[in-house]
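Order of writing sets the chain letters: A, B, C and D. Residues in each chain are counted from 1.
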Amino acid sequence: MYIAGIAAVLVTMALTLARAFMGPTVYDRILAVNSFGTKTVLIIALYGYFTGRPDFLDIALVYALINFIGTIAVLKFFEYGDLGRDRPSQPDDI
Amino acid sequence: MQAFGLFNYWVVVLLMMTGLYIVTASPNLIKKIIGLNIFQTSVFILYITIGKVSFGTAPILVDGVSRYSNPLPHVLILTAIVVGVATTALGLALVVRIHSAYGSINESELQNEDAADS
Amino acid sequence: MDIGSFLINAILLVFLAATAIAVARLQNLFAGAMLFGIYSLLSAGVFVVLDAVDVAFTEAAVGAGIATILMLSTIALTGIKHESIPIRPLRSLLLVAVVGAALIYGTFDMPRFGDAEAPAHQHVALRYLQQSGDEIGIPNVVTSVLASYRGYDTLGEVAVIFTAGIGVLCLLGGSRRRRTDPADKS
Amino acid sequence: MQLLLDAISWICLLSGGFFVVAGGIGLLRFPDFFTRLHAASVTDTLGTGLILLGLMLQSGFSQASVKLILILVFLFFSSPTAAHALAKAALHGKLVPFVKR
């Protein structure tokens, strides 16, 4: 049964990768990377159960954290042109 | 099934060559560092593939399991990943420095500027 | 052979190869850095499938997190978002083809995937797996090897990281002061 | 009882897989960024929640379940936040939403 879940997540990974490659805008790529990170969390959790050793869920936990922090860092880069210098957004930055 | 036993190595070679192509063909220094990282990760996958044992599990001892994958490549790669990120950071710092000194990070422009100086 | 693991591993590796080729083809540096993030995530997935959970943990925290953010901040600091056309792509392709063919030829002598009789598993690893539980007393063999049997390696690693940190500080600490005067850039 | 739990967990896993794939198709096929964001983020929260719930039912009261709950809580907060931040950044970046006339 876990293999069905893994297959579903792998198919979704392929679709997400296609979106990340085609991209048209940078935001599409960021969205694809973020969504891909969630899929990685899922596949690691499912694989742990598939092999019968679900004690490796810590990795999935770290992934969930890193993914969120990464997305926010990237978006800060895009809104302000760099990673969080204290100044208001200027239109010529992007 | 024996024929597929080498599949991992072939993908590793493909990744390695992609990294090598980026490093040699791209004039942009940041892109070169990305290529270097791709190359590096392919080496990691090569080592981890060698360490895998069929039907083995992760080398964390539990009762009732006697077949584990080889922990030694994992240790080596653990060290290599951290060192790899340290060298990446150093390389990127060099890129930033080069940009503030030359105003460009394009390899051919840098060479032209050096030739004009001397 | 362990077919389930092998198939998942193979599919993830195909994704990995596609991502690497996409990175090579993209001209936009920012998109390249984003795809490198995906590449890191995928490689960590491969590590989990190949039983290297500690490596996946490190790759998650260090590779996917820090390396991508370092690349993005370099792109932000230099302000260069596109690269120009490749230089001498044909020469590079030729080099890559020759080296790749030689390496593929070399793989035919490698042990097959998951072979328990492979030479790599015959020497010291067996001893670590059997004895470390009694000698060190913690279940994670990777940690016992890293911190005890090969503790000096780890010490050397820390020295390398320290040197790299000092190097980064030396390179970037000075440049910030200099940038306050943009007029003397010429 | 065990059979019932198993059945519920399988239903959760399967429907979660369905939602995840649906989100992936939406992410690939929808016409512009904001619709794709909608497709990806909504199904991500639901599909991921269902799959993690299915896994939780499999392991019962154990350490694994606690970790799964942590992952679930974390994704529940971070996924909508990331989607919101993305939409805001895209609007600031002068991306115009697609409107059918």
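Quick note on the criterion: contacts are C-beta pairs under 8 Å (C-beta built on N, C-alpha and C of every residue); 3 or more make two chains touch, one makes a residue touch a chain.
As the structure is a prediction and not an experimental result, all values here were calculated from the model.
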Does the complex stay in one piece without chain A, or which separate groups appear?
B, C | D
Using the average of all C-alpha atoms in each chain as its centre, how far is it in Å between chain B and chain D?
32
Starting from the mean Cα coordinates of chain B and chain C, work out the distance between those two points in Å.
4
Return the distance between the CA-based centres of chain A and chain C, expressed in whole Å.
18
Provide the C-alpha centroid distance between chain A and chain D, rounded to the nearest whole angstrom.
12
For chain C, residues contacting two or more additional chains:
53, 77
Where in chain A do residues touch two or more of the other chains?
13-14, 30, 32, 51, 55-56, 58
Listed in rising order, chain D residues that touch 2 or more other chains are none
According to the definition already given, which pairs of chains are in contact?
A-B, A-C, A-D, B-C
Quick check on the complex: what are the chain C residues that touch chain A?
4-5, 8, 11-12, 15, 18-19, 22, 28, 30-31, 34-35, 37-38, 41-42, 44-45, 48-49, 53, 56-57, 60-61, 64-65, 68-69, 72-73, 76-77
Footprint of chain B on chain A - complex, ascending:
51, 53, 55-56
Residue numbers on chain C that touch chain B, as the complex places them:
1-3, 6, 9-10, 13-14, 16-17, 20-21, 23-24, 29, 32-33, 36, 39-40, 43, 46-47, 50-55, 58-59, 62-63, 66-67, 70-71, 74-75, 77-78, 80, 83-89, 91-93, 95-96, 99-100, 103-104, 107-108, 110-116, 118, 120-121, 124-125, 128-129, 132-133, 139-142, 145-146, 150, 153-154, 157, 160-161, 164-165, 167-168, 171-172, 175, 178-179, 185
Parts of chain D lying in touch with chain A, wherever the complex brings them together:
10, 13-14, 16-18, 20-21, 23-25, 27-28, 33, 36-37, 40, 44, 48, 51-52, 54-55, 58-59, 63-64, 67-68, 70-71, 74-75, 78-79, 81-82, 85-86, 88-90, 92-93, 95
Across the complex, what residues on chain A touch chain C?
3, 6, 10, 13-14, 17, 20-21, 23, 26, 29-30, 32-33, 36-37, 40, 43-44, 47, 50-51, 56, 58-59, 62-63, 66, 69-70, 73-74, 77, 81-83
